C-alpha cells in the first residue's frame, strides 16, 4: 500500500521533512530543495486525500520550502561577493539540525527505565503520621493553584466572571501593597503612596488601585483644607 | 524461574498491602505452592539473620516488609519533617483570594458555592492569607489578601507573576 | 549508634521519595557526614551483591529502594491498571524542556515546529514539568523547567545525569 503514511506517525512538519531526508539518503547540509519540496507536497496531498486535517504548521513549512526553492532558482549575481551570501536553506537546515538533536535526546530519554512501569518503589501502605510542627513547610505547586482556580471558573456562570488579565492581577498586587502600608501607618498622604511609583505605568496602577479600594469602601480619602494634601485611611480602623 | 526468591521479594516490596502466599501463587503460576512457601520461609529467615533495618513480617494474612520496631524513633523524625500539602478546598479558596484580592468572605463563598470558614481558617493559620482590613459597608465584612509567605511558598516574585487568564487558555487548562 | 547502616536502610525504606544524604545527616545528628557516606556506600554494595529483588539507587539527588528492572514483568501483574505512559509528543516536549530549561513555550514550539499546548499541559499535570517563573523580556512569558519528580520517574541522579548532555551542549543549540 502506498498510502500507509499516517499523519500521527509524524510529530510535525520537521519530523516529516527529516523522514524524507533520511529516506532519500540526503546530506542535510546540502538539501536538493526541488526534490524535497516535491516529495513533501506529495505527502501532504496523500494525507489530504485521506481526509486528514492538516495542521497549519504543515502548510506553513510547505510555503517555506516553496519560498526557498524560488529563491534558489534566481540567477546568481555576477559579483564574487554574492558567493558569501547566505544560503536560503540555512535557517531551515539549522532548524532541522536542532530538531534532529532533540529527537535523539528524546530517544535516549524514552529508553530510560520508568518508575511504575519498569521499576517500582515501595508499596504505598499507610504509615503512622506523628503530629505536625508549628511553622511548617507547605508543599505547594503553582500549577495546582491555577488549576484550582480554573476549576472554579468553569463551574461558574461565565457572565459573572471578570477577565483576569494582566491588569487585574497588577491591580491586586498594588491594592495589597497599599493596604499593607496602611496597616503599619495610620493614614498616608497621596505623595507618600506615589513615592515608590517610578514609572508612569506604576503611577497609573497606584491610582487605579486607590480608586478601586475607595469604590469598595475599604479605604477613605480625606482632605483637611482645600488644596491641602489628600490623606488616605482604612475605612474601618 | 531461577530467582523465585528475588521475584517474591520484589512483589512484597511493591505491593500496597500485605501480600498473601495464595496471591503470590496466582501471580506466579510458573511456581508451585510448596516452592513459594519454601522461598518465603527462606526470605523471612534471610531478613532475620542479616541484621539490617527491615523485617519481613507475616501480618494481616500476608507478607509485608517493615522497618524494625526499635528504629521507630528515627522514622518519626523523618515523618515529622514531611511538608503537608493543601486540601482541594484550601487550594481553591486560596486561588480565589490570590486572583481576586482584596476580597470578602461572602464573595469567596459566592464563587466556590460553599461555606469556606474551615479552609479560610486553615489558610490564615498557615499564614498564606491575612486579614487586610474591613469594608465600610453594613456588617463591616473582613477583607482578605495573600501574604508574602504565599509568594514564597509558590515561588512567585510578586502577584504579577501569577499566570493570566489568557495564558491559562493558551495551555488549554 | 551501633547500627547506623540499619537505621539508614529503614529511613530510606520509609521515605516516600528519594532521600538525600544531607537529609539523612539532619535526621541523624549523632553521626558524622563521612560516617553516613560510608554506610550508604556499604548499603548500595550490599544490595548489589546479595542478588535479591531490590536495588538501592541514587536518583533525584537521593537514595531510593527499587525493584530490579528485569523483574518488571512480574510486578506489572501485581499492579492493576495500566502503567503510566507518555505520548511521543509529550516525550519530545519533555526532552526539549529537560535539556534547554529554563525555556519558554515559544522556544519549545520553534524547536518542535508544532504547537505544544496539549503535551505541555499533560506534563504539568503529571508534575514532570513546572512553572519556574517569568522571563524578564517584553510580554514576560512563563518559563518552564523539569521537576524533582521528573528525575525520580526517569531514574536520574540529577540533570547532569541526562544522556549525552555534553553532545547537545557542544552543538550549542
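A, B and C label the chains in the order they appear, each numbered from 1.
Operating definition for what follows: contacts are C-beta pairs under 8 Å (C-beta built on N, C-alpha and C of every residue); 3 or more make two chains touch, one makes a residue touch a chain.
These numbers were taken from a predicted model, which means no experiment stands behind them.
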item	value
Most centrally placed chain, judged by C-alpha centres	C
Chain whose Cα centroid lies at the greatest distance from that of subunit C	A
Subunit A and subunit C, separation of their C-alpha mean positions in angstrom	24
Inter-chain centre distance, subunit A versus subunit B - centres from mean C-alpha coordinates, in Å	29
Centre-to-centre distance between subunit C and subunit B (centres being mean Cα positions), rounded to whole Å	18
Contacts with 2+ other chains: residues of subunit B	10, 13-15, 65, 75, 79, 155-156, 160, 163, 173
Junction residues of subunit A, two or more chains touched	120-122, 124, 127, 141-142, 147
Residue numbers on subunit C that touch subunit B, as the complex places them	3, 5-11, 13-16, 19, 26-28, 51-54, 65, 67-68, 71, 74-75, 77-79, 105, 117-118, 120-121, 124, 131-134, 140, 142
Residues on subunit C engaged by subunit A in the complex (per definition of touch)	13-14, 16, 57, 64-69, 72, 75-76, 79, 83-85, 88-89, 91-92, 94-96, 98-99, 110-115, 124-125, 127, 130-131, 152-156, 162-164, 167-168, 171, 173
Subunit A to subunit C touching residues, read off their complex	11-15, 55, 57, 61, 95, 97-99, 101-106, 108-110, 112-122, 124, 127, 141-143, 147
Interfacial residue positions of subunit A with respect to subunit B in the complex	120-125, 127-133, 136-142, 144-152, 155-156, 163-166, 168-170, 172-173, 175-176, 179-180, 182-183, 213, 216-220, 234-236
